[in-house]
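Would you mind keeping the following structure in view while I ask a few things?
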Amino acid sequence: MKRLLIGVPFVWLFVLFLVPFGIVLKISLSDIDLAIPPYTPTLEVSDGWAGVAAFFSALDLENYIFLTSDDLYWKAYLSSLQIASISTFLTLLVGFPIAYAMARAAEEWRPALLMLVILPFWTSFLIRVYAWIGILSTEGFLNQFLLWTGVISEPLTILNTNTAVYIGIVYTYLPFMILPIYATLEKMDASLLEAAEDLGCSRMQAFWLITLPLARPGVVAGCFLVFIPTLGEFVIPSLLGGSDTLMIGKVLWEEFFNNRDWPVASAVAIILLLILIIPIILFQRNQQINKEAQQ
Amino acid sequence: MAASGKDDVFTPWTDAGATPLIRIDQVTKRFGDFTAIDNVSLDIYPQEFFALLGPSGCGKTTLMRMLGGFETPSSGVISIDGQDMSSVPPNKRAVNMMFQSYALFPHLSVWDNIAFGLRRDGLDKDRVAARVEEMLKLVQLSQFAKRKPHQISGGQRQRVALARSLAKAPKLLLLDEPLGALDKKLRQETQFELMDIQEKTGTTFVIVTHDQEEAMTVASRVAVMNNGQLIQVETPEVIYEQPNSIYVADFIGDVNLIEGTVSALGEGAELAWAEGRTPLIGQPGAALTKGQGATFAIRPEKIAISADEPQDRRNRVQGKILDIGYLGNLSTYHVELPEGPVVKCEIGNRSRIERRDFTWEDEVWLSWSDTAGLVLAR
Amino acid sequence: MKRLSAFNVVSLTLGFAFLYIPMLILVIYSFNESKLVTVWAGFSTKWYGELLQNDAMIDAAWVTMQVAFFSSTLATVLGTMAAYVLVRRGRFYGRTVFSGMIYAPLVMPEVITGLSLLLLFIAIGMDRGVLTIVLAHTTFSMCYVSVVVSSRLISFDDSLEEAALDLGASQFEAFRLVTLPIIAPAVISGWLLAFTLSLDDLVIASFAAGPSSTTLPIKIFSSVRLGVSPEINALSTIIIAIVTVGVLTASIVSKRQITRRLQEEAQAG
């Protein structure tokens, strides 16, 4: 019985998750070909061992070398790291006060506030990003509003720039930052702050010395939950970013769908994976530590 | 002192021809490096109310879980009714357990909780209904049958747990600290109810508890455990009056312990405890040799307190009253002897407190009979 | 009653304004007469009409619903199995690999998951269509379900399962009659989460879909790349409305249940 329980999901994930990565690796070592599928070599098992040998000898690191030679790719990686880091920081800046205020609100308000944060999360991600197109474009709502109030005299170009991407990322990923921080802050014993004040702390000091350190697990979790997916984000830079917005997710997509260069796209994916491994392991380790600390 | 000569007293363990219901044969249980049960052998007879008593971590719960089938011995054999239980899972044993947290199914009514085990056996609806009604009547919860666990009080939940575990009329019922969650008054009432139900149904009960009062009240025999081993297995009276070790003497009830050397050994034992004082006389414990270091154990309620030196008792010591405690029904006197030890003496308050004879700092004499104390090996 | 400081009130107001104003604008402009989405020309519901006559859109919506339903149901079954195994059965051979595989898709960028799945389908010669999208969605949803269910299982009192076994239930009966009914809310949340993720997914569906099968997000995306369109606003409003009703209902129902339960417990004494 136990074997069945483990076996079925295990096999599923093995076939549909692990094996595909092996294939991506293999294709990243292949060459582009005007064929269906558009890469070579393909493994012809019918040729027996000779076929297998021929297969392996045709694989090479050509695509990886190509990635290092063309500026586009390493710039895209760096740009993605930069955008992801800045966005995570901005999301933290916006999300922390909200989470903090929610945790400090009266008991009976909290479920309602929680629901207000979760509702956007359940709403389609695509639609919420789309909303910003209408707001940030030159004829968009924001420009109309600013022109009408006289703050500016010429419409601002925000759409199709990195700024729009930042706004989009912060907007979409905000619930992912708020929820873990809120969960951590809510568990915090209010009497800790009272004890601090009793011992002579001012409100600000109590915040810096008590609240912030205790909120750390939530903050760290929130940052990972924003940073890691943002690195490979495609939709937001595609819809809100410009042609000079370099993000690796977009590059991968374009290599694959526009250039039909599957081997290169695969190589891009492998490198992205390698870059991500460190944050992912750190994230898993962080979750482990938190879980053990709670027990 | 075995209860011999009285035919109507329940002592199957003294009967050579009696077959035990449970035989625990050289059972050891290890969790990694930690030995929870260390080579324990024990026989439990049908219709006993058997208590496993000890502090947390002594292994009593592990032993009980092995009886229930939730743990398997690392070595040794557990047999129930002559059948080796090594390969029998918990759902196939004629053993039921009453869990410490009650483990009532929150999504089922009281009625359905009790019926759960009966339904697993495939009994037809009428038989199930009849049995459930019978159990509800036994624990006096008939009018709460339709309620869910969160809609009844803690004491009522405990009774549902009991009814559910008895519904299948198991040969053996295991009770894991069943009264821990109840307040003192309810606990005492429930103890007697449990004993009643046990006698009425004729089921063998094995109860795990750290509360020695509870064990002493309900059990026909008590097994005092420590560090995975059985220290003493006897009736409550014997455990109390004739503890086989300092550990047992100290664990059960209050006891005064005075250290010394065995000065004489015969029908009684004498312990030299202080220079220039007559040795204390008491009953000898096991394996004593003359000249050996030993401890004198005397229970507070066996000690008499007087202002004048009692002439008719060999065991008498003098000291100053250090502390007096008033507990309503008892008074306790802590008397400091000039040789060092502080002896606690307990007297029932037969008259009102204004007429107390002694007060702090008084010089008093403490005395007890020759057979009231024990000399135990160190 | 604790009063919030002014700073906190401002934080909350600004925060929620930031979250909701864009959606509000979207909704308002769906009723705009003009095709130029952001220039208000008067109130009209004509775009809703156009939307309902847009067959391609409706087909895509139908495909999306089917995919979401099947993939979330399958994902719930698999995810619950995985959660049960990880929480209940402590050690087993291959546990690290297994738990790694369960949690990795959560943090994996969708472009990578999508690409890898597409390459798999091609390598084994499977035609891309609705089935491949279902397979793809099941794979990544399963992980989310597993997270939700395992966090519920961790706080689940396992003496309840032991009690069921003690009373004669088999392992499967114990799960079916005791564990499952009690963790049902978490399982349902997992299903809803998987359903929403599938409904909303663009990237993986783009990789896994065939030429003949389009999902709603794919259609929306291709339309949106060309610029804003009031029909999309109308569609968005409908989606927002459905989600709002759903979330509100769930909130109210769960609040009522909790209140009623607290009352019952208080009365029981």
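By written order: A, B and C. Residues from 1 in each chain.
Just so it is clear, a contact is a pair of C-beta atoms (placed from the backbone, for glycine too) under 8 Å apart; a residue touches a chain by one contact, two chains touch by 3 or more.
Just so it is clear, the structure is predicted and the values come from calculations on it, not from any experiment.
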{"item": "Taking each chain's C-alpha mean as its centre, the one farthest from chain C", "value": "B"}
{"item": "Innermost chain by mean C-alpha position", "value": "C"}
{"item": "Centre-to-centre distance between chain C and chain A (centres being mean Cα positions), rounded to whole Å", "value": "17"}
{"item": "Separation of mean Cα positions, chain C and chain B [Å, integer]", "value": "56"}
{"item": "Approximate Å spacing (C-alpha centroids) for the pair chain A, chain B", "value": "61"}
{"item": "Chain B - residues contacting chain C, complex", "value": "68-70, 89-92, 95-97, 99-101, 103, 105-107, 116-117, 120-121, 148, 150-153, 156, 164-165, 168"}
{"item": "Contacting residues of chain C [partner chain A, same complex]", "value": "1-2, 4-5, 7-9, 11-12, 15-16, 18-20, 22-23, 25-26, 29, 36-39, 78-79, 81-82, 84-85, 89, 92, 94, 98, 101-105, 107-113, 115-117, 119-120, 122-123, 135-136, 138-139, 142, 171-172, 196, 199-200, 202-203, 206-207, 217, 220-221, 224-225, 227-228, 232-233, 235-236, 239-240, 243-244, 246-248, 251, 255"}
{"item": "Complex contact set, residues of chain A against chain C", "value": "1-2, 5-6, 8-10, 12-21, 23-24, 27, 37, 94, 97-98, 100-102, 104-106, 111-113, 115-120, 122-128, 130-135, 137, 139-141, 144, 171, 174, 224, 228-229, 231-235, 238-239, 249, 252-253, 256-257, 262, 265-266, 269, 272-273, 276, 279-280, 283-284"}
{"item": "Sites on chain C touched by chain B in the complex", "value": "157, 159-160, 162-170, 173, 177-178, 181-182, 261, 264-265, 267-269"}
